[in-house]
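Here the structure is laid out as structure tokens; the discussion comes afterwards.
Think of it as A, B, C and D in the order they're written, each chain with its own count starting at 1.
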Amino acid sequence: MTDSLFEYGFTLRLHDTDAAGVIYFARLMQRAHEAYEAFLDANGLPLADLIAQGPALPLVHAEADFLAPIRLGQALRVRLQAAEIGRSSFTLEYLFVDLQDRPLARARTVHVALAAGNGTPIDLPQALRTALDGAVIR
Amino acid sequence: MTDSLFEYGFTLRLHDTDAAGVIYFARLMQRAHEAYEAFLDANGLPLADLIAQGPALPLVHAEADFLAPIRLGQALRVRLQAAEIGRSSFTLEYLFVDLQDRPLARARTVHVALAAGNGTPIDLPQALRTALDGAVIR
Amino acid sequence: MTDSLFEYGFTLRLHDTDAAGVIYFARLMQRAHEAYEAFLDANGLPLADLIAQGPALPLVHAEADFLAPIRLGQALRVRLQAAEIGRSSFTLEYLFVDLQDRPLARARTVHVALAAGNGTPIDLPQALRTALDGAVIR
Amino acid sequence: MTDSLFEYGFTLRLHDTDAAGVIYFARLMQRAHEAYEAFLDANGLPLADLIAQGPALPLVHAEADFLAPIRLGQALRVRLQAAEIGRSSFTLEYLFVDLQDRPLARARTVHVALAAGNGTPIDLPQALRTALDGAVIR
């Protein structure tokens, strides 16, 4: 992988797990969104500002594939990339790997920019588009 | 206990548990707050309206005691009562019991009514005070 | 829809929401899994027993589409159906509707039965297969 | 404060917040527990090992005081200290501060070491006691 990709690291904590002894599946989605928030931070576009100033960027689709058990205390890396950048929407992909670079899970989220008032799709803000362009594998 | 107390029932779900095999402690707090929200609903004061119209009612203190393990799939009842009702604050107590009425946990939350603008404590809204009065054990 | 489908109802609680004012996307996944657990309960197959006795039934895929904002205090129904039943795997679909039957979100989970020891796919237990057969729309 | 205290840093993420626009109270508890897990890691005692090898160390009490609003994107530090170390139990205290060192919240958790079989309180493992001793302010 190249330097242009964004990486986010975390350790799986007790609140991520469930009584089956491994990660609770929806917590992986949550960790993917943490990576997205850290990516926005790293690009000077904190999510709190986006929420305050608009446009709304609701998630319209999310999915995940679980490739191997993820356990309490495991150190993980999330590699985020922008898979599609449209006029008013974008798709992010997340690869979760362990410290030996073994893939443990994949996730994908689709976000749409909507006008605050009427919910009509609008153009992605230019600063966000620039940040996303920097996260495309070419 | 009398009929004047509010009861809320739920089944412990996988997302409430952790890899130690029992409830994750902070989820009990969350279940207590669900009981509080259901209590507000039952009194015609949905939390969404309070948040939209004010006053802000932030939680300033929360605590819980864990008396026995709580396991996945267990059916629980939460008994909510108003323990203290002040001019601008109130304290709720929650007793978690199983279907045999054995106590499993206790929780307590303290809420303060604050003016939207400057965060000054203000009088509890009368409708809320009435609801709380109905949840006092006498 | 017919009577053969399983329905699960809930009210969106504060812990389901986030600072953008609507449901936090991963909580919808969590609510879908609650519906799955309630479905298992209703068929005499509580998840706790499956976890204790095996086989392991890990989720290998999950996805959701968000069709409309879901807000604090909203009452929702989840309609669960079995979309595919294979030898060792099954796919559940969840439609989230409001009380006026308007679709708000869809979700889908794929589960695989694995042998406890070596993680090899094994046949779905017969009782589970029967329950799933009862949740197929024909 | 001295160098002997353990500090844990994090950024408040969207999943920590709720529709009232600030931290959901029970997520603060969760963040306190993350700090505890990081403290155990730093002392070579990962929680996963404690859960696997025993003794069970259930939380029997938790509490938190909320001193100021905590918002999405805020960077926080948690200062953990061991407040009481008994024969079979210990109390941890957590102070949450912002980057200007302003206190935002406090939390406290009480843990008891129990024998795996019968739930009788037993002596704290020596390695844990040593780690806790290193987190006492003198």
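The definition used in the following text is that contacts are C-beta pairs under 8 Å (C-beta built on N, C-alpha and C of every residue); 3 or more make two chains touch, one makes a residue touch a chain.
Because the structure is a prediction, the values reported are computed rather than measured.
> Greatest Cα-centroid separation from chain A: which chain?
B
> Quick check: how many Å separate the C-alpha centres of chain B and chain D?
Centres of chain B and chain D (C-alpha means) sit 23 Å apart.
> Just the number, please: Cα centre separation of chain C and chain D in whole Å.
Spacing between the chain centres: roughly 33 Å.
> Using CA atom averages as chain centres, what separation in Å is found between chain B and chain C?
27
> Can you tell me which residues of chain C touch two or more of the remaining chains?
Residues 14-15, 19-20, 22, 26, 30, 33, 48, 51, 71-72 of chain C each touch two or more of the other chains.
> Could you tell me which shape the graph of touching chains takes: line, ring, star, complete or other?
Topology of the interface graph: complete, with all chain pairs in contact.
> Contact residues on chain A for chain D in the complex?
11, 13-15, 30, 33-34, 37-38, 41, 46-49, 51, 71-73
> Using the touch definition up top, name the residues of chain B that touch chain A in the complex.
14-15, 17-22, 24, 26, 71-72
> Which positions of chain B touch chain D when the two form their complex?
Against chain D, the touching part of chain B is residues 19-20, 22, 25-27, 29-30, 33, 48, 51, 56, 58-66, 69, 109.
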